[in-house]
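Input: structures, listed below.
Two complexes are shown next, each including chain A; its partner changes from chain B in the first to chain C in the second.
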Partner chain A sequence: MNGSPSVFLALREITKQFGDFSALDDVNLQISEGEFFTLVGPSGSGKTTLIRILVGMESPTSGEIHLKGNTINDLPANKRPTCMVFQNLALFPHKTVGQNVEFAMKIAGVDSQTRQKRALELLELLRLPLDFYDKNINQCSGGERQRIALARALAFDPEILFFDEPLSALDFRLRKTLEKELKDIHRETGKTFVYITHSLEEAMVMSDRIGILNEGKLIQIGSPDDIYNRPKNKFVAQFMGEVNTIAVDRIGQSRVRDSKTGGEFDLDSQAQEIDSGFLIIRPEVMKIGRSAQFMPNRIEGVLFNDYALGSRIQYQVRSADGENHWLIERLQDDPFSGNAGDSVVIGWRPEDSILVDQ
Partner chain B sequence: MQSSRQGKVVRALIVVWTGAILIFLYLPMLSVVMASFTKQRYFQFPVKMWDTRWYEKAFESLSVRDLFWTSFSIATLVTVISVVMAFFGALAFARYDWKGRKLYQRLILLPIFFPQAVLGLALLLWFSSLGVTTSWHTAVFSHLIWILPIVTLIMSIQVYSFDPVWEEAAYDLGASRLQVLREITLPILSPGIVSGAIFAFLLSWGNFPLSLFTTGADQTIPEWLYSKMVSGYTPMVPTLGSLTIGGAAGIVILSFVILNFYRKLRGRR
Partner chain C sequence: MKIVARWIRQPGFLTALPVGIFLLIGFAGPLVLVLLYSFMPPKTFTLGQVPTIENYISVVTQSYYISFGWSLALAVVTVFLLILITYPVAYGMAKIFGKWATLITILIALPLLISENIRLFGWVLLLLKNGIIDGSLQYLFGLSLSGMLYTVPAIVLGMVYVYLPFMLFPLVIGISMVPESLKEAARDLGASRFQIFREVELPLSMPGILIGSLLVFILTLGSLAESKILGGQAIVMIADDIESAFTFAQNWPKGSVLSVILITISLIIIYFLFRKIDLDRVVGRR
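And now, the complex of A and B:
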């Protein structure tokens, strides 16, 4: 019935209306068993609504959810074989770490010896010291709480584990560590993970596939490589972070014209068939100074400022009239020597640019 | 040097100030206790002759036993009923967002601000026009009108700090609605429930104006104290007064001990 036997979770034409507002609009999605799938979208894109529908906390206005070929629309959250790691983790404050982890097993009527054995196994899997078993939840740090929340969800032994951006409240370094740990846990357990986040960068690190959601619509589904190198439109291209965007009109098979300044650029031979759209050039492939002089596509401008990003340095170049600006990044051990106010040339290779739709 | 001397003065002022407040609050109660231990018929300060015979009489007296049971029965019933009602009332007050919640929040608090004597009179008029004979049963009802809003308010404070996502998480992990209530909601809200119960009991135990109008032929301890003050004073009055204070304090201490024990037990498991 599902076409392919490997389809584990399937969403068909899921729509959710809140009054006149359409939170989700005809969402279709198929997720395979054992996959790490991430839904990415800005706030208000409908990603939280979608995950609440999948967990069973909300029901869709129309559409169907299939798990292993069975419709689960009418199953309430406590009857679904799935569970979620909440954004604020929702650890029970009146229970110890062990009692939190064992909660689902206690509800299922598992005897206390088996429960404790499994809880200790999970603490070990999540690299938590075993004496945490008797610890109070309030005595645990942010990273420890993340792991406890994950252990509690794994103890439920769900078919699918959902994550509602649980890492968003953590500081940068801890988040980076836990992203990788989560990917490792995914590999070790072989479970199906469905994760939502507003950070495409976070999604890239962990996911097998990514779905980009905006204004209730799934815009693009693909591997991290697809999303990064073959964004479907301007929204997806800009979602990753800072990019140079130039509005262009097609004037030949492999040539476009800047619709503002009239400058003409060469296109990649593989570029999409689009009459007018946007040329996307990432800051790290943009060249500046001498290395730009022999590039087929060039723009002249004035160096405005530079910013240290750690491993790289970013330069901002503005047009003479100040209307447009571009970003260029170089490795920090290969800086560009120029002063603010200098006239500079920037340029890029046609194959480093991406032509996308509105 | 200057600042350390200033600091000393400030510290001394704080000690004097808190001492003055404590004397102001507790001296009247202390004087009642002293009056109950005097041999003379009327209280004189300083007490010249100490005596405990009024306590012996109080424990032997059948009418005191009646008074105690009337007060105790009213307070117990008021506690049980108001805790159950205020629990759901507090959820409506602080947890759920619903149409008319603002109005509910205001209306439920209004009875606290009615003068109790007026409230008692109004209730008495209602009872007699409805043909209800007043007794300690009707007093339970009148106490509830005044105490229920207070208990609702006390529990609401705890409910405000309750994150509904805890319930969602438990539900998501397979718990039924009833299991969520037993495992999550009730234990987390229990400190608020216990303090609500203590308030309910003590406010009912010590209430005079509402009881005066609505107990009918039955008499509570505060009513008896008042009537004996008006006519027929004996040191039994301060004796029973002291016992009332002692009982109230005992309940507060007992509930602290129980709460602490419960907390330790939970920490150990």
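And now, the complex of A and C:
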């Protein structure tokens, strides 16, 4: 995005209580114009509550929402210049595709010719055939319905477009296609997108920045690279997927001791100043067999099993003392030749490990 | 013969048999009889005569259109009044009242256990000259509303009262079928409360409205008790005419003709109502 990124949407100390339960706890967040921002959290993390507050369907117990410098707390949903693509899409079943797309314009009193022209433009932008205009919404496939829902929201010409996990119900391949398409449409329209999902992987593909939400608190905000390579704590590190996590105590400037087995490992020189925490090593940076022989950090273990993951193969190794299970991944065309039950050496470079807080 | 034998052995056929026989004797049979009698010469009681359309001519040339008109008009008025009255209640029961909706359902359904005539006589006591309403008003304020009973509004009141559950319950189902997320989506796209109602709620609850309207329309069209008990001599409805043709006038063929015309009118209206609005499409099943 060109120009200086000005603060477009700002949340200040947003808290939401449902009785004794706090769904959101002191959430502060600033989103710039034209940004693709994704909020990621497991179910129950408060992400749906947060997006409903942003759209105006819930009001926060305390805190302020600013849009372009104006407080919009008391603006009802139908007066806010924002729009949402719903999780279940919420397309109107009694209206045609064209009527769905034109809904916001009809409400705004736009004449039918202008409406139709704009609706056809949007169908084209979303790569839908123009003869869909008169099609019954119930005859459209899952992917088509996604695009129609997005077209309907874009027709509103919102300042910010919110997405409440709209892709979660689709099968894997279609989801992958639409993730990329959504990113393209973000670039083509230049609008500010705020997306929520439980899948950090999905967030990584699309977002400029990501916010990680857990138990109503924003734990970390950063670029996909920050989140992936510099997770702030164990929760963020594990949220990305399967990782090797070892509880450790610091015993030197660049040395830790496994608090369960007593094994000692070298740390990255850049590691955080933490006395005791967790050592995170991703399966894909782990080495196994010959390539592990000369690693500074090494463990002896027994190969337990291997699993094909498509482009990669995952190996599970149980350490000799039986205390830890290790996951190692290698590219599918570079497999490790070993059988279940074989003794193997596994290892990693200190700079490939991350020391994080609880 | 083989096909028939296989048919008979199917469990579906056997289980449907009792109901089928009952409907044949109790529903289809009488309808056929009525149709046949409508072509018999006036005031005959057997079906062995030479068919004639004399009865149809005599009904059309006489002033029966007045009673047809009253019946149709009151049926339409009752349907519209009931939509207006029950929609808010149905909305509350479907979306707002929560666990209280069950209690309200029971309270509304309970009077159905009491004979319609007895309930209507209750209204007579209320509306009667010097009755409960009139008498109380005279005693308390010295003003009299003595002319309430035996009027057309009294008949409409009776019909609205008696047929209210038949509109209410289909409407509750119709309204509860409208997903909340669609209303939220409409709101998010800028729609006001009224626009949400017009664009989303009303069209999507239309199946309920239609089914309720149909039930009430058919029931009021054939209703007799309301006009007799609450209307007195105010008007004659078509059901009155049919009844007196069969009983007082002892002219079965004429009663049959009136019945055939009434059934035909109902069928035509139902046909157009349901053809115009595609139920499956309205509820999004297609």
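Here, the second predicted complex is superposed on the first by the 350 of 358 C-alpha atoms of A that agree within 3 Å, B and C clash if a C-alpha of one lies under 4 Å from a C-alpha of the other, contacts with A are read in each partner's own complex, and residues count from 1 in each chain.
We adopt the following convention: a residue touches a chain if its C-beta (ideal position, glycine included) is under 8 Å from a C-beta of that chain, and two chains touch if they have at least 3 such contacts.
None of these values were measured; they are calculated from a predicted model.
*Asks:* Clash or fit: what happens to chain B and chain C when chain A is overlaid?
*Replies:* clash
*Asks:* So, A:326: does it touch chain B (first), chain C (second), both, or neither?
*Replies:* In the superposition, A:326 touches no partner, neither chain B nor chain C.
*Asks:* With the two complexes superposed on chain A, say which partner A:37 touches: chain B (first), chain C (second), both, or neither.
*Replies:* A:37 contacts neither chain B nor chain C.
*Asks:* Looking at the overlay, what does A:96 touch: chain B (first), chain C (second), both, or neither?
*Replies:* The answer is first: A:96 touches chain B but not chain C.
*Asks:* Is A:156 in contact with chain B, with chain C, with both, or with neither (first, second, both, neither)?
*Replies:* Both: A:156 reaches chain B and chain C.
*Asks:* Is A:138 touching anything from chain B or chain C once the two structures are fitted on A? First, second, both or neither.
*Replies:* Touch status of A:138: second partner only.
*Asks:* Do any residues of chain A touch both chain B and chain C, and if so, which are they?
*Replies:* Touching chain B and chain C on chain A: residues 55-57, 76-79, 83-84, 86, 88, 90, 92-94, 103-104, 106-108, 136, 152-153, 156.
*Asks:* What residues of chain B sit close enough to touch chain A in their complex?
*Replies:* Against chain A, the touching part of chain B is residues 163, 165-166, 168-176, 179, 183-184, 187-188, 266-267, 269.
*Asks:* Inside the complex, what are the residues of chain A that reach chain B?
*Replies:* Its residues touching chain B are 55-57, 76-79, 83-84, 86, 88, 90, 92-94, 96, 99, 103-104, 106-108, 136, 152-153, 156.
*Asks:* Would you pull the chain C residues touching chain A in the complex into a rising list?
*Replies:* 179, 181-182, 184-192, 195, 199-200, 203-204, 281-286
*Asks:* Show which residues of chain A lie in contact with chain C when the two form their complex.
*Replies:* Against chain C, chain A makes touches at 55-57, 76-79, 82-84, 86, 88, 90-94, 103-104, 106-108, 136-138, 152-153, 156.
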